[in-house]
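Below is one structure, written out as C-alpha cells; comments come after it.
Chain nomenclature is as follows: A, B and C, assigned in order of appearance, with residue numbering initiated at 1 for each chain independently.
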Amino acid sequence: MSLLSVDELTVTFGGVGRKESRAVDGVSFEVDQGQVVGLVGESGCGKSVTSLALMGLLPHKGVKVGGRAEFDGTDLFTMSPSARRDLRGSQMAMIFQDPLSSLNPVVPVGVQVTEILERHRGMKGEAARKEAAHLLDRVGIPDPTRRLKEFPHQLSGGMRQRALIAMAVACAPSLLIADEPTTALDVTIQAQILELLKELVDQEGTALLMITHDLGVVAGLCDQVNVLYAGKVVESAGRRELFAHPTHPYAHGLLGSIPRLDSPRGEALKPIRGSINDRIAWADGCAFAPRCDRYEMGCLTGTPPLTEPRAAGHEVRCVHPVLDDAKAEEVPA
Amino acid sequence: MSLLELDGVKVHFPIKKGVLFDRTVGHVYAVDGISLKVEAGQTYGLVGESGCGKTTLGRSVLRLVDITEGSVVLDGTDLAKLPGEEMRRFRRRLQMVFQDPLGSLNPRQNIESILSEGMVAHGIGKDQEERREKIKSILDKVGLPSNALARYPHEFSGGQRQRIGIARALVLEPDVIICDEPVSALDVSVQAQVINLLEELQEELGLTYLVIAHDLAVVRHISDVIGVMYLGSLVEEAPSDALYAEPKHPYTKALMSAVPVPDPEVEDQRERILLVGDLPSPANPPSGCRFHTRCPWAQAERCSTERPELRDVGGGHRVACHFAEEIAAGTLKLTAGEVVSATREGVEDAPPTLPEQAERAEAAVAEAEEAEEAEKAVKAEKADTVEAADAPEKADTAEEKAAEPLEAGKAAEPEPRKAVTTEKDATTEKDAKDAKDAKDAEAEKAAEAGKAEKADEAV
Amino acid sequence: MSVATKTDKIQRLAELAATKETSTGDSLWREAFRRLKRSKMAIVGAVVIALFILLAIVGPYIAPYSPTAQTWRGEVFPNRGEFVGMRPENWFGLDHLGRDLFSRFLVGARQTLLVGVVATLIGLTIGFLVGGLAGAFATLGGERGKRVDSVIMRFIDIMLAMPSLLLAVSIAAVMGQSLTTVMIAVGVVQIPVFARLLRGSMLVQGSSDYVLAAQSLGVRKRRIVVSQIIPNSLSPVIVQATLSLATAIIEAAALSYLGLGNPDPAIPEWGVMLTQAQRFFDSGAPMMAVYPAVGIIITALGFTLLGEAMREALDPKLRG
C-alpha cells in the first residue's frame, strides 16, 4: 500500500459574496515509501495549494477542501486537528521555498530545532541540544554548535535552507514535502541542496513529494512525475518515460520551449502560445485547448478522461495526444 | 571597433555610518574592474549568481549608478565622463529591459503614456498623434494588439508586460539594449515566447544586446559571446559554443555542471562539481583570486596572493585562472568540493557522512601533520606533478587555511597517480579517507579546524 | 462526426473563454473608487460625513431659534443647579444662559467643520510641500540631495518631538485667542505627519523599477518626480488626510476646551460648547456636554471609517 494516496483532491477558494475559484480540481496521485514523486507545473497550476492542503496549512476561512488523502492508512481530512498536528512535523514535514520567511527571525536557529525535538521526540535540555547539533551536522552545516546560537539572518541562503531541512527531518518523517526548495537559491547552491535531498531519500528511505516548476530538477530527482495544468493532472508517468515521450501537448510543448544547456545553439525554441490566463473551465473541455496546437472540436466536450494511450502506467488527459513525436512538429502553429 | 567597450569599470558603493554626519567605513566592491567588448549586432551574455555584481554592471553602463573608475565607451563616446544633461540625452541610444515586468511599469500610467514618455523626453515625434502611430507599429512588432494603448499594466499577463517593457525600449530606436534577467520572472512556457521575440527583433532591426542573467541555459541560447562573472569581476569570456564545449575556469565548470538538464538520460550521466560554502561578501572580498576560497582546484600561495588577470588562451577564449591549462590537462587534482554523479544510485556508494567543511578541515589538519614526511616520499615518486612540487609550502601554511591543508593532505596520499585518473574516483577515495581521518582526529584539532574554518567564513 | 471548420473552432473557444474578459482600461484610481463603492465601511462613513456637511450648510437656516438669544433666561439658574432638559419647544434643552441647545448644535456644526477642514488643509499643504521637496531631493538629488533631505528632515523631527498640545498652546499664546489660532495651531501640528508620510512613500517609490526605467529612458528628473513618483505616493497621504480631519476636530475641541478657542460666545462651536458645559457636568446638567460630545464622536468616526475604507481600496496589494 502506498504511504500517501491522494484521491480527487479539490480545493476551492472564495465562496460567500465572492466568485469561487477552484485552485485544485480533482488531483489524484500516490507516493510510495522511499519514492520521489514530482508535482510539476507553472504558477497557478495548483501545485503549492495541493501541498498546503495535504499539510493542513490552508486557512480555514473561505477555503473548501474536498476529496480524500490517506496517509499511512488514515484519512488526513477526517482526523482530529490535534492528531493532525502531531502527525505534522513528526510523520510529515515540509520544506518551503523561502527559507528566510519560514524561520522565526528573532529566535536562534538552535532553539527552533530543539523546540521540535522537545515537542515531537520528548527530548530535553542537553540531549536535545546535542541532537540538534547532530542534525545540523547531518545536513552539512559546518561548525554546528556555533551555528545553533546564530539567528536566521546570520546564515546564508543555502545554510538557511539546510537548517530548514534539518528541522524537517528532525523526527525522521516518512514523508517530506518540498515546495520549490531551490527556487530562491543560486544554481551552485541548488546543486548542493538537491544532493542533500537525494541522500536523505537514499539513506533514510524518506519519501519525497517534490513540488517544482523546474523540469531539470525533476529529471534528475523524481521517480514518478505528475504534470499539473490548471488544477488537474494532465500527464503522469515515470521520469524516463515522461521525458522520452511527453504525450500531453502541454508537457510536450513545455519540453520543447525551454532552452537546454546541451542543445545546439541557433535552434529556435518552440514556445507555447498565450498564457495560463487563456483557459476555459474543465467542465467545458480541456483547459489547455486555447493554447494548444492540436485543438479540435472534440476537445470541448467536457473534461477529457485520463487514458493510457502509449504505455501502461503512463496516464494522459488528452483527446488528441502526441503519439508520434515527429508528426507533432509538423502541426502548424 | 566594437560598438560598446567597457574598460576597467569599477563600481564601489561606500558603506556609511554615523549619527549626524556620515563617514565612510568601507566599500562594497560590487563591480571590481571589468573590461569587455560588445560587437554591433551581436548578443553578449553576462552570467553569474546573485551578488556577483552583474546587475550593477548593467546599470553602470547606463550610468544609473555612479561609475567609480574606468570607462564605458559607446560608439566613441565615453559615457563615464559625460555631464548629466548630455548623459540624459545619450540614454536614447542605450535602453534597458528589466527583470520584473510589473514593477518596472508605472501602475498609474496607461500603455500609451508609458510608451510615449521616452519619446517626449527626447523630442521624438511632433505631436501625440505622430507618437501614437509610432507606438502602434512597435506594439505590432512585439505582438501586442493596438487596443492595448488605453489599458493599464495590471490588466496584462506577465509575458505581455515584458513585451510592453521591450516595446518601451524599442520606441527610442536604441543602439544597444541591456536586458537584465529578461525572462526569469516569467512562467516557463512564456519564457520561450520572450526569448524568441528578442531574437526576432534582433534579426529584423539589427539590435545589439547585453543580456544579464543567472540562467546559463538561457544565456547560452541567445548569446554570441558569454562572460562569466564572479564577485565583481569576469572570470571567463568566450564565444558561446566554445564556453559550453570547454569551460576553462573552475567556477564556470562548477556553474555549468550544476545546471540541471530536463532529460533523465543526460542527468544520469552528468557529473556535478559541488562547490563548498557560499559566496563571500563583496564588502570584504578574498585576497588574490576571488574564487580561491571555494575553488576545487585552489593552490597554495599563488591563488590566495596573486589576482589572476583575464588572459587569452586561444580562439577568443579568455580566462582568469593561473592554472587553467593544468586543470584542462587533468594534472591538477581536486583540493576541495567534490564531484558527484547525478544519479541517485550513484550516491549510495558515497561515504555515509556528508561533505562537511568542518570535518574536511579536521581531516586536513590531521593530514597536514603527516604531510611533511609523506611529501618527501611522494616527491621522490612523482616529482613532476604540480601538487607534489607545491607540497612543502602547503604544509607550512596548513594551519592558516582550511583549503590548503587539504591540498597538502592530498599530497600525502600514497597513490597520487590513481587519484588523477578520473575526478570521480579521486573524490570518492578522498571522501572515504576524510571520513576515516576525521574519526581519528582529536578534539583539540577539531577546535583548531573550527578556528581556521571561521576565519575562512568570516569573509 | 462532422468536420468543424477552423472558424467554428475558434468561435467556440472564444465563447467559452469570453466569460472572464475583464479588461476595461480602468486606471488604478478608478478601480479603487469602484472598490470603495462596494465597501460597507466606506458607505457608512460617507453617509455620516454627508449628513455632517449637510448640517453645516443648512444648520443655521433650519435652527428654530437664534443661537445667541437668551430667550429662557428666567428659567435657568446655574447657581442653584436648576436646568431645563428636553422638552417639546427645546429638543435638547437649554444651556446655562437660557439659550436653545438644539439651535446652537445646528449652527455650531459649520464652525466645527471649518476648523477641521482648514486645519487639515494647512497641515496637508505645508506638509506636502516640505515632504515632497525632501522626498524629491532624497530620491533623485544624488549625494547633495541626500544632505538637503537630512537637513529638512531633522527640522521636521524637531517639530515632531514637541508635544502637539504644547506647540498649539504656544502658537495660541503668541497669536492670541481666536478661531484662526486654533486652526493654525492644529494645522501646524499635522505638518510633520504629512511631510514624513509623503517623503517615506516617495522613498519607497523612488527605489522602484519603474523609476529606474524612466531614468534609463532619459526622462528629466523633475518630470520623474512629478509624473511618476508623486502620483504613486499619494494613497497614504489621502488616507491620512481623511483620518486627520477627525483628529483635527477633536484637537480643536480640546484647544477650545482649554479656553484657547473663539472668545466670542455668540458663535457656537461644538468644542466651545463642550468647554462651557464642563462647569455644569456634575452640577445638574450632564446632558449639556453630551450633545456636542456625541456630535464630535460620530463625525470623527465617520471620517475614520471612510479613511480606513480608502486605505483598503487604495492598497494595491489587496487588488484581486
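Here, a contact is a pair of C-beta atoms (placed from the backbone, for glycine too) under 8 Å apart; a residue touches a chain by one contact, two chains touch by 3 or more.
This one's a predicted model, so the numbers in the text were calculated from it and none came from an experiment.
The chain with its C-alpha centre at the largest distance from the centre of chain B is C. Interface comparison, A-B versus B-C: the pair with the greater number of contacting C-beta pairs is A-B. Chain A and chain C have Cα centroids separated by 49 Å. Each chain gets a centre from the mean of its Cα atoms; for chain A and chain B, those two points are 29 Å apart. The distance from the centre of chain B to the centre of chain C, each centre being the mean of the chain's C-alpha atoms, comes to 52 Å.
Taken residue by residue, chain A touches two or more other chains at no position, since every residue touches fewer.
Contacts from chain B toward chain C in the complex involve residues 59, 62, 64, 88-92, 94-96, 98-100, 103-110, 117-118, 120-122, 150-152, 154-155, 165, 168, 172. By the touch criterion given at the top, residues 36, 42-43, 137-144, 146, 156-159, 186-192, 194-196, 198-199, 201-203, 213-221, 239-240, 243-244, 253-255, 257-263, 265, 268-273, 275-277, 291 of chain A touch chain B in their complex.
Residues 278-281, 284-285, 289-290, 295-298, 300 of chain A touch chain C in their complex. Touching chain B in their complex are the following residues of chain C: 22-29, 208-210, 212-220, 223, 227-228, 231-232, 316, 319.
Residues of chain C that touch chain A in their complex: 1, 4, 8-9, 12-13, 16-17.
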